[in-house]
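These are the structures in question, set out in turn.
Below, chain A partners chain B and then partners chain C, in two separate complexes.
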Partner chain A sequence: MENVKIDETRQVSPVNTLFLVLGMQIGISILSFQRVAAQNSGYDNWVSVALMGLSTLGVMWIVLRLLHNEESYGQPELFSMQKRFFGRWIGTLLNIYVMSYQFSVIVIFMRGYIEIIQVWIFPRLGTLSFAAIFSIIIWYTVMGGFRAITGTFFLSFVYLVPLHLLNILAIGNAHFSNLLPMFEHSIGDLAQTFMKMGPCFIGFETILYFYPFIKRPQQAGKWCYFGLLTTTALYLTLSLVATVNFSPGELKTEVWPALSFWKSIHFPLVDRLEYIGIVYWLCVLIPNVSLGAWIVSRGIKISIPLIRQKYALVFVMLMITLSCALIRDRQQFDWISHWIANIGLFCMYVYIPFLLFWQWLLKKKGAKKD
Partner chain B sequence: MKIKRCSMMLSFLLLSGCVETDVIDDILMAESEGYDYIGNDKVVGTITMPNYAEGGVSGSGGGGLPSTAAMMNSASTITYDGRSLVEVLQKEGQKTITAGKLRLMLFNQAYLQHGLNKVLHFRNQDPEVGRDLFLAMVDGSCFDLLTGSYLTAIPISRYAYDLIFQNEQKNFPQTNLKSFFYNYYGYQTDPYMPIIKKEKQHLVITGVALLKHDKYAGRIAGENNVFIFKALMETFKYGFYDYEFKPGEHIALENVSSQIKYAAEAGNSPEPRITASLKIIGYIRQGNPLLTTLDYNTSIKKNLQKELESKMETMVSQFQEKRIDPLGLGDLVRSYTRNFNSSSWKDRYPNAHFRAHVTIDIAETGVSK
Partner chain C sequence: MFWYKKKNQSMKEEQSAAPKTIQELFLQLKDNPDFSHYQHDQGSFQCWISFFNSLVNLESVHRDVLPFLYDSQIHSFSDVQERIPVEKVSHASDLYTIQSKLMEGCIVVQEKESSLNCLIVPTVSREGRQIEKPEIETSVIGPKEAFVEAIDTNISLLRKRIPIPQFTVEQFRIGKISNTRVCLAYIKGIASEENVNTARQRLQNLEIDHLIDASTLSQLISDNARSPFPQFIDTERPDRTIAGLFEGKITALVDGSPSALILPTSLIEFFLAFDDYFIVWHFATFYRLMRLFAVAFSVFSSALYVAVLTYHYQLIPTDLLGSLITSRSVVPFSPVAEALVLEIMIELLREAGARLPTKVGQTIGIVGGIVLGTASVQAGLTSNVLLIIVAMSALAAFTTPNYRMGTTIRFLRFPFILAASLWGLLGIALCFTFFVCHLLRLSSLGRPYIEPIFPLRVTDLKDSFVRFPYSLQSERPMLLRPEDTGRFNKKRVQKKKGKPSNDIDE
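After this line comes the complex of A and B, so read on.
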């Protein structure tokens, strides 16, 4: 099991890591992070957003390093890695932990999307029925294998380009004076915003799971960094758009500033742009949840080799559907997403560097034995 | 494989079937709302729906209903303040009334004096209605304006919308719900909205209503004053200023481009200084037959500059007296000041010194000498 080489017909070329990294980072929080970002550091929030984006480059370096080192020992992916590092039992426990984290992330994403549909378009939409039907689509995608999932990531990237170009429309009546005077907020305020930006940027660490599925992984590195830089640029523009378009007091009242911004755009044929934007967001949701479900089902397969991935997937989809229906209102949703974000931030900045350190320790120990 | 494909197709079908539908022929789309305050937290609410009375369905051979001719086109009722009219008027609706295409919200002066905050809060909370609709104050009653008859066949909501839209390209400052919210929720700004009025069988746009947070605080009337207000507010391209350089002698300056730039100094002192410099490039469209290009460019231009400067300064000092800030001068000072003291700004605002510098460039004076 440990050293199975992934068949080349199931691998994707290194360029695709750009779409995978980018796609996983764009989630539901892109529509709402602006208000949260402005809470502590007002019109300086873009500084935090930029710093966060740049810091992800560092984390990515650690992740790639970790995976690259691992190649000579076994399967370069987190599940096998944890088993090797910490032994079978603790490793499996940790695997279950990261699986449940990944599972909660996709549940939150899916539930967040359903919430937006319920608030903006169809208040009478049943959470369970939508989640169930949607799970079938996800199931179909994941059954196509990792390549099919990557395809949806590429498509979501292409589809979203026009939507992100809409930000240009903000320039017309922007209040650029909102950005002045710059750098007035203290480092403490900026750090708080930095912490709150976690949920936007997490997602790129999923490369820990699909790394063996990349052909010529040495070349994937630069595409990962390109992906991260693109996301940073995107988040930066969106936070600037919100700052120049809404007065500080107004931004405090908007739950989804991006949607409210789209709400004020009006084309002759398309009266209400945000409806299109919301429906469009489906092509962000599909790849994200697909990859999440793929990771979790693969995790189950690796932990319990008796279960085949396709049966694990059915179980995962059922669980996602049920969990979505269990989150009833916004309080619960906020509470869960708050915790998930904190755990994600911890994973990124503490746990992953720790893994690299541990790997180095093991290597040293191994060298001593020889 | 077959099962997968079938389930895929089925899931798309199911997705489209799991919520309610609104067939466009079977609903009434409210396009404008009018609020008339009648005291005691009670309002007369009026909504209008477009009514396309174009005869029968073409090709139906005389059978069937006329397309939408039988649809009602307005409804009104008395209700309490701060409630969505579309919901209230549902019981009068011949078919389901929806608010999604709302284009216009009208208030009478009494409503503005009473305060807009309830209805604004509601509008901000409401996901259904877009943010590019116009808010306007009505001189007189909104009910009369919305249910009156006009010299045009297009629905009243569209008529009033076009009127405001057209004028906001010219002399009137741009105000839609988006910019209104910007100023309303902003910390050092106050909103404003256009005033419209029914005159016999016409609609006229007469001025700009100024608000202090959410309450009426006065108005700017007259095209020239509105031109000055707009020039202080934003960069714009079309507009007319009528200048009377001698009693009975007018020239009309057409604005080709105008640029406003502000600067602020000593923002945290008790008397902040604000300077506005306005640059206008204009055409003379109509003038005295005896004047030559040279005349325009010497004395008339200088006097016009002076007049604009003094009028701007008076306008701002009036705002300061009323303690309203539609121009967002407070926000301007904030952006120029490090560690801006916003809590004391309300007291310092009336003491702020405002100076205006106007330069006019007369580019052309027409095709005759």
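After this line comes the complex of A and C, so read on.
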């Protein structure tokens, strides 16, 4: 495996990991997770949300540990790591598996966004044509390299600040009694919600891929944890806003509670705020999908060194466009996203700790040989 | 257009036309009425004198050169060199040097007509415009000098304000035919060596036949020539150039161009008027923010009108929607056609105003603004609301202090309007995302283009959207990676001001 150092002009400063982690975690599910969360544990869902958020800190610790240890052996990123751990063939197989996972995450994200546009703004919009336009913009961004992608993440963070501040407006017609009585749901219910919250919090593990692109990576750790805490705070606020604004029965029928909440806000010049919110969400979509496409194309480049990343990227974008068009209805979409969420959870809580264990085993073995 | 695509071929052409011997050169030049070439055979020293009347300073020739050749004491070349009271008289024996010196305005003295051994007496005339007030970047307060076309005058304007030996000027010759003098000026010890090297490299790599203006040069050496965004500032103000030099920037001056290029530059600097530095920081910040708001308004307003009226009329409160619809009820066109027609009309007015002489230009403004505007509303061709929006966005675009950036801003409206007519608000967002991605990818002399925003550098934010008081700006911009980062010692400044005492009055 080549052990090339990434050129410093292509690296980003450690602060940016905050925006990267936060940006990857905020996805399309932030608009709809409240319904899912309320299904099993009703108004107590915020407990699960908080627990999930805290558990991600633990996983992040494992991820950072893994990457830090790997620095002395080879390129500290997942593709090279898997090749080193499990040999060339199994490593490549695992790489393909990881790439296809990342690929489906992007497709689900993009398809989910197109679905929202189709439901709320343009009902007769063609999925294929629109996915193609998105893909062109994303291709253009990824061609700018990792720095440009990080830039879109940072800007999306800046843009989203006013949108999140809107939650303050919820206080006006909030029913805080909706939260009471607290802790009425069983641990089983909460655990089920915990499992279902997976897709919201997944995304921060992408640091496994871009770690070598961070300057002074030992300083990035604290920013990663800050990012995770911010996300947790954000999800907590949103779940509380949904709980105090909608009755439990209402919440179970709302597909996109966040959009319905925005719909209830009126400004003198803007009557339907959710239109702006949806359009605004493009600035979350672009960085997320860009980073995903970057990861997959880089994976192809590392697995088959003959292919250059820019050609791999064209292929990836074409496949994304086609896959988006292939998902026809809500049932297929739900089925796929359900599976992806489960695989993601498995990766986070089982596979990554296993990798750390395996790394430790290899180190022991190496020490014995010497 | 400027570039020689077939390099070898053009070189061949050049060689065939070029004179081989000095006699051929003079034969070629003899037909020109402004060329003097004669034998001087009075006195004890005989020689051939040749020069261009139109290029030399005739007064100095008659006063400082010719009378001394009549001196009976002169017998040889070295005597001439000693006696003539002109600095830098030199020898030359290479045809190319002789030719170029002759073309620059030097007098060439030969012993025999065919001899290559020549004496070059520099008597270059300095004809040119006087230093005047800046015309494009005018300011109410502050210095009133502007660059002129002569590069030496421009350099002297700079050097007067930086009286230190570290101020370095490097000269380049650019253009295969025009041989234009281009100077890179920077302050050693402040400007980053890396930036200077990049700039030098870009100038040396240029392949072009002629260079007329600094704006041409800026397009030629910019990082991405296909981008609509200008990547270097061109200014006609020496004070602004100096401010850049003190920050660690580099200036490129082109002979014959009344503007200097400042490199590298970030996007935000195009929206800073230099007046901002002459007024107190509160007002400077206020006007700066207003200007940035104007830019946003100018780009988005017409597009939003089109998007809202074509697709998202639900977005507007019912009361407002009523008046919008009454204003549009008589208009037979779709919002996008209406907006495009008005926008193009405004662009036409601007173009006509720029092409016409000043006196006629004012009339155009009145005709366009008042007559066409009201008439088109009365004729039912456009709605009142759109007229207001378009006029205001045109006005807003003109607040951009840099002319070239202003052009870009006005151009940007059209893709936004088209996108809005295709996909409404989503189209505007898509278009915006695309341009943001484009800006993220741009660089200026290898430095990130939208720098204080991304990569986020908090110290540079002090002079971007807001202008902090000078006492708080103790560091030079990080964008340039200056060798010497501190402008002044922060602690000493605080001490001099006197620390505020602990009580109200003591």
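Methods note: the second predicted complex is superposed on the first by the 369 of 370 C-alpha atoms of A that agree within 3 Å, B and C clash if a C-alpha of one lies under 4 Å from a C-alpha of the other, contacts with A are read in each partner's own complex, and residues count from 1 in each chain.
Throughout what follows, a residue touches a chain if its C-beta (ideal position, glycine included) is under 8 Å from a C-beta of that chain, and two chains touch if they have at least 3 such contacts.
These numbers come from a predicted model, not from an experiment.
A.B. asks: Looking at the overlay, does A:140 come into contact with chain B only (first), chain C only (second), both, or neither?
C.D. replies: both
A.B. asks: Contacts for A:181 in the overlay, against chain B (first) and chain C (second): which applies, first, second, both or neither?
C.D. replies: So A:181 only meets chain B here.
A.B. asks: Give one of first, second, both or neither to describe whether A:148 is in contact with chain B, with chain C, with both, or with none.
C.D. replies: After superposition on chain A, A:148 lies in contact with chain C alone.
A.B. asks: Applying the touch criterion given at the start, work out whether A:126 contacts chain B, chain C, both or neither, answering first, second, both or neither.
C.D. replies: In the superposition, A:126 contacts chain B only.
A.B. asks: Who does A:272 touch here: chain B (first), chain C (second), both, or neither?
C.D. replies: After superposition on chain A, A:272 lies in contact with both partners, chain B and chain C.
A.B. asks: Of the partners chain B and chain C, which touch A:329 in the superposed model: first, second, both, neither?
C.D. replies: After superposing on A, A:329 lies clear of both chain B and chain C.
A.B. asks: Between chain B (first) and chain C (second), which does A:8 come into contact with in this model arrangement: first, second, both, or neither?
C.D. replies: It touches nothing on chain B or chain C.
A.B. asks: Between chain B and chain C, whom does A:286 touch in the aligned arrangement: first, second, both, or neither?
C.D. replies: The second partner, chain C, only.
A.B. asks: Following superposition on chain A, which residues of chain A contact chain B and also contact chain C?
C.D. replies: Residues 122, 133, 137, 140, 143, 266, 271-272 of chain A touch both chain B and chain C.
A.B. asks: Taking the complex as given, what residues does chain C use to touch chain A?
C.D. replies: Contacts found on chain C: 311-312, 314-318, 320, 423-426, 428-430, 433-434, 436-438, 440-441, 448, 450, 453-456.
A.B. asks: Using the touch definition from the top, list the residues of chain B that touch chain A in their complex.
C.D. replies: Residues of chain B touching chain A: 4, 7-8, 10-11, 14-15, 18-20, 100-101, 124, 127, 130-132, 174, 176-179, 181-187, 189, 331-332, 335-339.
A.B. asks: Can you name the residues of chain A that touch chain C in the complex?
C.D. replies: Residues 12-13, 15-16, 117, 121-122, 133, 137, 140-141, 143-144, 147-148, 150-152, 154-155, 158, 266, 268-272, 275-276, 279-280, 282-283, 286 of chain A touch chain C in their complex.
A.B. asks: List the residues on chain A that touch chain B in their complex, please.
C.D. replies: Its residues touching chain B are 119-120, 122, 124-126, 129-130, 133-134, 136-137, 139-140, 143, 173, 175, 177-181, 184, 245-250, 252-253, 260, 263-266, 271-272.
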